[in-house]
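Below is one structure. I have some questions about it.
First chain written, first letter: the chains are A, B, C and D, and each begins at residue 1.
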Amino acid sequence: MKKISNNPENYVPEMLAGLLAAHPGRLKSVAGDVHCIVRADSPVEGKVGIVAGGGSGHLPVFLGYVGRGMLDGCAVGDVFASPTIDQMYETTKAVDGGAGVLHLFGNYGGDVMNFAAAADQADMEDSIQVATVLVVDDVASAPADRASSRRGVAGMVYAFKIAGALAEEKASLAQVKAIAEHCLANTRSMGVALGPCTVPQVGKPTFTLGDDEMEIGMGIHGEQGVRRGKLQTADEILDQLIQPILDDIALGGSEVSVMLNSLGGTPLEELYIMYRRLLEVLNRHNVTVYRPYIGRFATSMEMVGASLTVLKLDSELKRLLDAPASTPFFDQGQNV
Amino acid sequence: MTTTLDTKQIKALMGAVADDLMAHKDDLAALDAELGDGDLGRTIERGFIAIKEALTGTLPDDIGRALFQLGKTFSNAAPSSFGALYGTALMKSGTALKDKLTVTLPECADAIQAALDALIERGKAQVGDKTMLDAIAPAITAMRAALADSGDDVSAAVVLRAAAVAAQHGADETANLQSKIGRASWQGERSTGKKDPGAQAIAYMFAAVADYLEAQL
Amino acid sequence: MKKISNNPENYVPEMLAGLLAAHPGRLKSVAGDVHCIVRADSPVEGKVGIVAGGGSGHLPVFLGYVGRGMLDGCAVGDVFASPTIDQMYETTKAVDGGAGVLHLFGNYGGDVMNFAAAADQADMEDSIQVATVLVVDDVASAPADRASSRRGVAGMVYAFKIAGALAEEKASLAQVKAIAEHCLANTRSMGVALGPCTVPQVGKPTFTLGDDEMEIGMGIHGEQGVRRGKLQTADEILDQLIQPILDDIALGGSEVSVMLNSLGGTPLEELYIMYRRLLEVLNRHNVTVYRPYIGRFATSMEMVGASLTVLKLDSELKRLLDAPASTPFFDQGQNV
Amino acid sequence: MTTTLDTKQIKALMGAVADDLMAHKDDLAALDAELGDGDLGRTIERGFIAIKEALTGTLPDDIGRALFQLGKTFSNAAPSSFGALYGTALMKSGTALKDKLTVTLPECADAIQAALDALIERGKAQVGDKTMLDAIAPAITAMRAALADSGDDVSAAVVLRAAAVAAQHGADETANLQSKIGRASWQGERSTGKKDPGAQAIAYMFAAVADYLEAQL
């Protein structure tokens, strides 16, 4: 696909410069590096800081969720590439308000190991207490008995929202970590790709799919899915997204929030076509939907396809989901 | 006489490794595309360009601090799984060799062992999980065996050639393993039959060192 | 591009069914027709009702802006096709709270003539006073001396926001009409397409562009632009978007709001790359930016490309732009 | 004897127009793709399918109300520019012929004139702006001329053939005009050289009526 870009090498820094210029009252960069982005009012005294990080190309993930009620900071890497240890460390340091910092991000090797090194450094050099929670919501990436090795996809947005809401109430680091874990224990995702995307520095599509093919369970960087199949109807696709989730977590009779997410290229219209079917299926399982999120929450550049995330609610998760949040890409008042 | 390497030789070795790995970046990228996301070529390029740059600048005089700094440089320039781990490996080897202006071959083996231990701690993988560990572990074993056979005055070239052969063997063997860690693990059983790109990168490194040392003889 | 769809003929009704099911507290359909969508609390007693309408495939335009502080209702047509007179009439009737109704929509022949007939019918059969304002913001579609024949593109979102805010204050129909006209007199847009989109019922792309081509000034249904040219850099593209606007309306020294809008397929990352440049150019002209909107506000399914809209502000427009609004696709609190 | 057409004949004519236009939908779509958005084929199809359906159902007995209802049907089934305008045309002709069970040829011409006036009012275009008006106006003139030449008892086929020829000529002439209205006007000067699709659709309609009437003789 054609890109609107100057020099591909500058794709990310120019994007970040534009983003910082667009939201000066809300965001700032630290350590003289546009890749280290925090809330303009950071550090918030006495509040646990929540830091995410990962590759670019997934807007609004990650940095789009930096703001009141969600993330305090984000270390931003190149397209689909990890930020550096230094960037993670500087971001961590900048959001520490004395109550410690939670590193909350997807289970990708580079991110995991760099965040670990950054946490060590923050502890060693600045005595900042850092806790870590990995997002592992993608049921397609490993069976239930190896659930901790799953990769993180759109479910991380729920974790940002829930943990961010509790942190805003000045809960302790242990509490914020615990609620993030509790949220993720109740979060499952599954995606389907109908077409690839193009990383600007690479210039060609990340993978190829036949005109009549789709890839079930594909990852957000084009990592292989569960299987490749013939392109199906919206209803059939939705069924393939919800079934593995129903098989993985007991939802019967419960209340859930759902996120139907376009990977970028798929228009919102088609998400609503799928949502119609989702309600039918959930109704059959006696599951009721609270606060559906339908839109682009975690993308892969212009990839065609969609993902479904389900968050099984209890009263505490519901309360925190309802809490207001305000970031450049996510604005939620009190009303449903 | 005990064989030793000094800071200057270590730096030269690192330069040789950098040149050799950059020459292999495309085939490493291809292996990573099969099993992961195909960015290992870019990691290698960015990381070793930064290493080459650091080598032309001012590095500490002692081997340990020099390696430590090169490790930090690599990780920050190439912040991927491989970049983080390879940087960790250099940093931990460096910690093991702190203050040393020369290093013996057994010390070398110990430093690499320290790196391997650190990788296991950081990466949570085990030998046999189809990762770079599967090239490093046999290389250490082979170094120790070569040293045990021939005594302290064996040439560095001989010991490192043994390591290189073992590392390549280990890398080749990863094709028979099912991945337990990282991106490749998401493929489950489909990962069997494909060689681990990180292990191959390690094998190239040992071979580059052996080549360089043999050429010095 | 591949669609997630069941039967193409059901694309729009299924989308609308999903949308209504997703936002039951906010939206309802009237006259037993999912194509007639109004605020759940319609009619609002004593408030001017604002009705938009037009083809589907442009989400959030139009129906995504039905909600508090923006539209009261929307008549929805098939993809890129006008709704019917009946649908417009029923929607108009459903939002009349006794203060009359403003028809506010883009200058497309079918819509214009059908809305005129619907207004006649509402007057004739129900004595509802109807006023009409056409959105004609696209500078590419006609020279300044035929400005009233221009087509309507993303600028309509500003008109919805401004007129909606005044209507919420219970202003009269004449006042709401006047502010919509004033807003549009100060609104200009310009777009560029890098790739086509596919209408589900047609199944093939609406137009073709070479791998290295782009179309400057293309319309949101693929109507021909000002010229076709070689694909350029982000900065060059931005320059081509802002220059015709600067040539058309005197902005020097003023304060403006800007909307950088993806036509669908272009990722947000690239909008920020362009925004960086936009600020440079506007700074040079001594124009300051207030409340930039950067995202997907008016799309053409999955079309690759972007549009730029500029709204020249005065104190009244600024006040109304700042007013809160809350719709399923547009949530704005008091904060910038 | 004054030539008249009754409700049944008018309905049969509308059926013939529907069949003929549907057969031309692809070439009208192609003309619209050149100058507009290419949806005229779909408009024709949807609108005339609805008309055909209405013709098989119960329509009012008088010509005026029948045409009025067919016009509403067309507009709601095919809510585009053409659909809105063609629907308006039928409705206004219907209003002009309210309560009539038969219609004379001069009354026909008057009804079409009433439709044209309504189109100008609703569409804000003038004859010469490169629209369907440029086929309708010459057709009316030709009908009146034929009636003036031959008196009231001229056959409907002759009068309508004259109209059809004039309409086609008018449609062809639109290629020389620059568009002043609707989608095509956004093309400015580039619209010159291309025939207006709406005008061609009107020309087909008059030809279909003439064909049908001639076949009845």
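Just so it is clear, a residue touches a chain if its C-beta (ideal position, glycine included) is under 8 Å from a C-beta of that chain, and two chains touch if they have at least 3 such contacts.
These numbers were taken from a predicted model, which means no experiment stands behind them.
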- Note on the structure: Per mean C-alpha coordinates, the chain lying farthest from chain C is B
- Centre-of-Cα separation between chain B and chain A, whole angstrom: 33
- Message: What's the distance between the Cα centroids of chain A and chain D, rounded to whole Å?
- Response: 57
- Note on the structure: chain A to chain C, mean C-alpha position gap in Å, rounds to 29
- In chain B, what residues contact two or more other chains? none
- Task: Classify the chain contact graph as line, ring, star, complete or other.
- Result: line
- Item | Touching pairs among all chains present in the structure | A-B, A-C, C-D
- Residue set of chain C touching chain A in the complex reads 1-6, 11-12, 14-19, 21-22, 25, 56-57, 59-60, 64, 194-195, 211, 214, 231, 233-235, 237, 264-276, 279, 292, 294-296, 299, 301-302, 304, 306, 326, 329, 331-333, 335-336
- State the interface residues of chain A toward chain B in the complex, per the touch definition above. 77, 80-87, 108-110, 112-114, 116-117, 140-143, 146, 149-151, 201, 206, 219, 221-224
- chain C touches which residues of chain D in the complex? 36-39, 42, 72, 75-77, 79-85, 88, 122-123, 180-183, 185-188, 190
